[in-house]
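Naming follows writing order (A, B, C and D), and every chain is counted from residue 1.
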């Protein structure tokens, strides 16, 4: 599974696409965020962090797998 | 004194400038409207009729004289 | 920018609203509809104004709006003369630091313009003409 | 008309809002201010988007607005890339038969766009850059 990164999450992680190693089990949005917060503590300091699955805002319990497009959505600031 | 006419008041009176005969005494807005309603009953059928004196909406009691610019303001419909 | 014109130029209005401290611009453009209240088949419209008084009233509304909202730039332009369906007849615009003030002040200006500015609209139908709002 | 662009064309947006049954068009144009909240001296901004999701969110907001108001035409255009102070970054427009619906729906669309559409703004100051809204 790969995670698309935008805005400040791209700066914190230092790249725009983060592969999740095959030996890491992240089956839900909550599990993904827990793993990310361990790896990149800067992500936990954001005012909010959403996850999009297949280009739609996902719930904490939404299931993840490698067939889905997954992205981190830091606080938006368009307009 | 001459009265400027606009919109439907111009159609009712049949001209765009109505002189008030010298022998007619109209000292206030109220007196002017009373005289106009007698002469042109169509004016009384309008949903409203304001009078402007020197290009400002006037009160019923506002004094009129021949040095002032006087106009009839039927219901506006700009925009 | 407050004026009466024969044709509205939207780019000119937009340019006049630009200001380095403005974050939001609200524009309202009133256009000629093809059906008035309860009637259909408007073919054209004529706008007539008591020009010096209309400009004075528009200036007074602008002044009232500037007291109520922190407006950076303001535009009120109304056309006079003959218009066809779809043509713009009025454009109101305000620019402010925050967008709510732009929306609120722009809406105030068009609402008040329609109440007090001495401009009159004559609608042409196939078989008659009507001065809008004249009769109850 | 819903799209992401590099440069906003106001005339194109206005043209897309014209409709013979529309009496009012509300346009909102968001521009780059020279001071953000509490800070001064923004020299430029970059806008980055998650483009396919941003378009999906904008389409969803448009659909919600169309259910709430009788909208004739609707425009949502956001720019991506580098902008200077004063440049337009977003334009929202709705045309409706009656003007209150145009104002209300236009304001709804810009308010919601700012909440949910995945677009990010980076402000450049003389001595630092800031991703807006990122931190409490």
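In this section, a contact is a pair of C-beta atoms (placed from the backbone, for glycine too) under 8 Å apart; a residue touches a chain by one contact, two chains touch by 3 or more.
Given the structure is predicted, the values throughout are model-derived calculations rather than measurements.
Fewest steps needed to get from chain B to chain D, stepping only to touching chains, is 2. Distance between chain A and chain B, defined via averaged C-alpha coordinates, is recorded as 72 Å. In whole angstrom, the spacing between the mean C-alpha positions of chain B and chain C is 25. Taking the mean of the C-alpha atoms as each chain's centre, chain A and chain C sit 48 Å apart. In chain C, the residues that touch at least two other chains are 30, 110. If you sketch which chains touch which, the chains link end to end in a single open path, with no loop closing it.
Every pair of chains meeting the contact definition is listed here: A-D, B-C, C-D. Across the interface of their complex, chain D is touched by residues 4, 6-8, 11, 45-47, 52, 55-57, 71, 73-79 of chain A. Those residues of chain D whose C-beta lies close enough to touch chain C in the complex are 10-11, 14, 18-35, 85-86, 95, 97, 99-100, 102-103, 106-107, 110. Contact residues of chain D toward chain A in the complex are 30, 47-50, 52-54, 56, 78, 89-90, 110, 113-122, 131-136.
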